[in-house]
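Shown next, in structure tokens, is the structure this report addresses.
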Amino acid sequence: MTDVQTIDVGHLKAYDISNQDPLWWGQFMFVFIEGAMFAILIAAYFYTRLRMDVWPPPGDQFPHKLLPTLELIPLILSCAGTYWASEAAKKNSRGGMAGGLTLNIALAAVALWMRIVEWHSLNFNWMTDIQGSYVWAFLGLHTFDYIADLAFTAVLLLLVLIGRCGPKQRLGVHVDSIVWYFLVAIWIPIYVVIYWGPIIVETQQ
Amino acid sequence: MKTTTRVAKVSAATCTAFTLLLTSCIYNRQSAIDPAGPQSGRIDTLWWSFFWLLGAIFLIVMVLTAMTLTRQHRGFEQEPLEALHKASEKTEARLRSVITGATIVSIVILFVLIVASTVTGKANSELQNKKNPLTIQVTGTQWWWQIEYKMGDPTRSLVTANEIHIPVGRPIQIRGASNDVIHSFWVPNLNGKRDLIPSRITTEWLEADHPGAYRGQCAEFCGLQHAHMALWVIAEPEDKFNAWLEAQLQPAASPRTPEEIKGEQVFMNHACIYCHAIEGTPAAGQSGPDLTHFGSRRGIAANTLPNTMGNLAGWILDPQTIKPGNHMATIEVSSGDLQPLLEYLESLK
Amino acid sequence: MKLTTVRNASGLAICFVVIACQRQHQDIRPSPTQLAIYGDAAKEDALRPGGPVSPQPTVNNPYNASAYDISEGQRLYNWYNCSGCHANGGGGIGPPLIKQHWIYGGEPANIFDTIVKGRPNGMPAWGGRIPEYQVWEIVAYIRSMNGEQPRSATASRADMIQPSPQTLVNRTNDQTK
Amino acid sequence: MRASQDIYPQSVDVERDVEQLRNSWRHPRGVLGWLSFTTHQAIGTRYIVTAFIMLLAGGIEALMIRTQLMRANNGYLGPERYNQIFTTHGTTMMFLFAVPVMEGMAIYLVPLMCGTRNVAFPRLNAFGYWMYLFGVLFLYWGVFTNTAPDVGWFAYPPLSGPQYTPGKSTDFWAQMITFTEVSALCVAAEIIATISKMRAPGMSLNRMPLYIWSILIQSWMIIFAMPAIVLASSYLLSDRTVGTHFVNPAEGGDPLLYQHIFWFFGHPEVYIIFIPALGFVSAIVVAHARREIVGYTAMVLAQIANGFIAFGLWVHHMFATDLPQIGEAYFTASSMMIAVTSGVQIFCWIATLWSGRPRMTTALHFVYGFIAIFVLGGLTGVMLAAVPLDLQAHDTYFVVAHFHYVLIGGALFPLFGAFYHWHPKFTGRLMNETLGRANFWVLFAGFNLTFFPMHILGLKGMPRRIYTYPPGMGWDGLNLLATVGAWIIAAGGILFIVNFLWSRKNGEVAGNNPWDADSLEWAASSPPANYNFEYLPAVTSRYPLWAPREQRGVVTGLATDRREALVTTLMDAEPHHRYILPGSSIWPLISAICVTIGFAGSVFNGWYITWGAIISGLAFIGWFWPKRPLEPAHD
């Protein structure tokens, strides 16, 4: 005989596509890390700006605002695709996942293309002056994450399309969505800082 | 020529060792707990109050910790197994109230310390409101100090190096700047340190309340020769200071003896002039210390060595052995030129 | 297969080791007469402004590709006021130093010779005034302005109050665009 | 250890389950297999061993420093070498020893103490280790090729900038930071996920052992502090390699901004190192005083407060930079506040020892040593928080003494204690107690002999980081004393190594629970099987192994033919769902190699970032590519 209590967990699900899964927590940590980094970078931008008499530094054109503003549209819309895919992942709907991910990637690619076009109109680079260094740090870090997540989403789409999509991959689709929401959400303050920042905090001699 | 260098090196080394031994007594004045001014005096008082108060706390904590060792096995052995891991409710409650009490006491003590430290800091910053301050700009450079006396009258401004003379009892404003990396100006007998940061001007106020020579040293790591970047602050009575100031405002003394005249020519014909300035001569280099009154200074190479002719010979012939990595060029000076050069430089009182 | 991997890896490692050593070497105690070659560094080089430069006997700069010495050269370039005439390489009173075509030759030995002996129309002769090792350091720095030094040994930018030559070049390009 | 049928419910087939667990958790064979281990015991051990090798390296560097400073105008190391050695010493100790060893201990202990089978992301765990190892190799590759960094472990620009430190040494340093921060962030993320979601059923937050609390807080601090050092080292690296102007005063950059960002990381870093050590102390005190901790809630709250306050006092490293006075007052207050939260913990330990029945083992010796040294270091910390005193003591040997008291006293002594405490769990054998005590006393004496005189040296005006000093400054005797002390510490270190090697063969065989300790790791066999527990434990109290037998429980129903663990809810640790852990994999190593190529190459040429990103991306795809057959969702 035993006097030890038993908790039988055999009836529990082996996967749970929700925020209860450790993997979701792992991605959530990633969001915290990146978020903290961008927050410090934004703080550093304004710290630096407060030390300068003239802003933007002489010679720098104001960045164009039309294209970056338009870029927000596909970017924000792409979240709908992400949402669609992550809901479909919970319901194990392959079509939904494929559709959602495709929409996500397509819109994200459009936004990326607009961003790269916009780069060519900047008349400064990271070596030009301090504003250039910061703007390119924002662009570089965010675009790096953006492309990395886009590539990861593309791999997920590929897995969905070729049918190698078990619960683990569906969980992947679900947790990938938080990263995407984060990348879109963090872009908005960055957008304000790099495209409107020079105007909001402008000082000319 | 090679032999000359070697002989000079050896003689320089011997001289150095001997003079260092002789002058070792003057090196004692670089201490944070030997105040020579009101600023460092207040810090010293604050230090000792912290020391006694926190020292007492340390002793109490240590005694209590030691007592936990002697309290072992007092009647607990008889208690049943379950009770071993847990004290009675009464003991538990008593311990908790002791911890709470200790915490409250430490908060109170720390509050007192914060107040004491803020009051000291405020009192020390009062000096800037005192009348008739003297402004001295200290510019840190790898690895020496440029000193500029900023007088109201620009023709009476004075540039020297590695040695500051101040009048006793007069507030001194130190304006800190840097030409390259971050340095830190620190004369512990007079006040705490202040970083010298490129692109910024930092300020510090100090005052000496009795005459003396106080040594200071760079306190922020600044590269290879961070260890050899010292300066002297010499506090003198007002009249003596004024005499010094008047002397320093003069252009360099003209060479008198034939040796000195030759020495001046040697100086002018070598790379010396690209870095060093001697007021009243064509030498106007800006990258090295001003040598106009070099002979009157206590040390050479940012007080790495006492200012003697032997040390100077060693320094000119082989600066990279005495202070490896410093920016003084190793130049060729022939044996016939060396002695006149030394005599000339030492004549620049 | 394993052996190849090991061989490749060790080859790569040695390669890195060599690179690292060379870039980092600091010779902070140069002897003033370390290089007894000046005077005949470019003996055959007649003063022929604009004329074709005959091939030189190769005189290697001892400080080539040494990060420490290039940065020393940069410091001396300013200390000895080369920048007074040549600015940060862009030229002013004196000719620019960032360029394709050199009046008196762009090889290390030529530049060394130019500095030591001076040239007509204002370039003073520095020979005998500044030690040779410093001339070579300045040569190394001038070469680095033209991208003739490994990137890994060259500072990306200066910490000077004046903007670095690279910055200037970028700014000009951007504005013309 | 064989599981005995009688302690488990009769409904389960223990023989069959253990057989299956052995199979599914078996390590792969061969060199390639060895490189693909993902169990937390293996990875944790690798971390700890590598970190101790780094401790040895850092210690040798410390001896070189002390030997150079033994007497005035000593010529043993020149300025270049000395600057390299002290920078490498600081960097090694902070980045390559202290943080990784705490992580290694956590990786080993957290799954055991939480009552689960592995960390939440075993392959990420392995990846983190490889990144750490490559970071070590990267820095020491530089050291052995005369490219050692020489700008101090916080590398202030402009000294560390492209102009004043030409060459690659500082780039190596900055990139080494990237390696260790990737590693630390991986570990932090997986530890938080493990603690949050994989605790034994019933281990609600208020029943978590204090060590688990301290590691949880430390991991959150890593999450928020490390991004700052990512930025600081990127500033430096990009300024040096691609010509940005982040810290270039000529173009509007600010060297002080680097200091702000660095210390926003750097101060929490100190707590990242010593908060887990406080967890060790709590675990040792409870087990060896045989007494539940007094003031558990106060301890937890104090630790959380420590974690928060640690982010609000970085400016006390910058008092000498002439900041506005109002800010100084705030940072003084917050720096002193942390003394209260640390003090509460000291009081609780003393109260626990007071009311307990301390068993004077070596582990507890180290705890007593910790209290003595750490309290002194904490009190000098209070002195340094006062701006006027800091202006005198800053960057002198007083500060050197202070932070060695806090870091060696606050982290290394508890770590040694923890090693003596958990060594039987790691290896199945106890370490020798006599040698252990000798080890403690030699270390304790050597430590105080080395570092106590440094307080006086600082007050007598000796700045830190000087490679030599003239005679006659009144520094000679104290420096000689400190050097003698350093060699005594080295002797203590040798005693530790001797004891460790001796105990491997001759140590007394420990049972599952040689100390009669309270927490779950002592329920597993010593050393633990790869799967930790035959049946995951369920707990009903804060001290599960001290709970009466009828209150203990086990979890049944987890699949044993694959690596499966239980996910529980965050607050109350109710069973939620089962979680399939990945097995051994070589992909973490491949990915780490690809990332290393990118990182190491980019020091020489920026394009390596692009190529490194592409090959790393491919490696990650290989890592995540589903294996055939796909795991079924339900069974």
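As written, the chains take the letters A, B, C and D, and residue 1 is the first residue of each chain.
Keep in mind that, in the parts below, a contact is a pair of C-beta atoms (placed from the backbone, for glycine too) under 8 Å apart; a residue touches a chain by one contact, two chains touch by 3 or more.
Remember, it's a predicted structure, so these values are computed and weren't measured experimentally.
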Practice prompt. Using mean Cα positions as chain centres, tell me which chain lies farthest from chain D.
Written response: C
Worksheet item: More contacting C-beta pairs: C-D or B-C?
Response: C-D
Worksheet item: Taking each chain's centre as the average of its Cα atoms, which chain lies closest to the overall Cα centroid?
Response: D
Worksheet item: In angstrom, rounded to a whole number, how far apart do the mean CA points of chain A and chain B lie?
Response: 51
Discussion item. Between chain B and chain C, what distance separates the C-alpha centroids? Give it in angstrom.
Written reply: 37
Item to complete: Calculate how many whole Å lie between the centre of chain A and the centre of chain C, each centre taken as the average of the chain's C-alpha atoms.
Response: 45
Worksheet item: Between chain C and chain D, what's the gap in Å when you average each chain's C-alpha atoms?
Response: 46
Worksheet item: What parts of chain C, by residue number, touch at least two of the other chains?
Response: 26, 28, 157, 159, 166-167
Fill in: Contacts with two or more other chains, residues of chain B listed in rising order
180, 198, 224, 324-325
Worksheet item: Can you list the chain A residues in contact with two or more other chains?
Response: 127, 129
Worksheet entry | chain C - residues contacting chain D, complex | 13, 16-17, 19-21, 23-26, 28, 67-68, 70-71, 74, 151-153, 155-164, 166-167
Discussion item. Going by the contact rule set out above, which residues of chain B touch chain D in the complex?
Written reply: 20-21, 23-25, 27-28, 30-33, 40, 42-43, 46-47, 50-51, 54-55, 57-58, 61-62, 64-65, 67-69, 71-73, 76-77, 82, 84-87, 91-92, 95-96, 98-99, 102-103, 106-107, 110, 113-114, 116-118, 120-122, 124-125, 142, 176, 180-182, 184, 186, 188, 191-195, 197-200, 202-204, 215, 217-227, 324-325
Item to complete: Can you check the complex and tell me which residues of chain D touch chain B?
Response: 78-80, 83, 151-152, 156, 158-159, 164, 249-250, 254-256, 290-292, 294-295, 298, 320-322, 325, 328-329, 332-333, 336-337, 339-340, 343-344, 346-348, 350-351, 353-355, 357-358, 360, 368, 371-372, 375-376, 379, 382-383, 385-396, 458-461, 463-474, 518, 543, 546, 548
Worksheet, complete the sentence: chain B partner, complex, touching residues on chain C are 26, 28-33, 75, 79-81, 129-131, 133-134, 159
Item to complete: Could you pull out which chain D residues touch chain A in their complex?
Response: 6-11, 120-121, 124, 185, 188-190, 192-194, 196-198, 201, 223-224, 226-228, 230-231, 234, 238, 242-246, 248, 251-254, 257, 260-261, 264, 538, 549-559, 564, 566-567, 569, 575-580, 613, 617, 620-621, 624, 626, 630-635
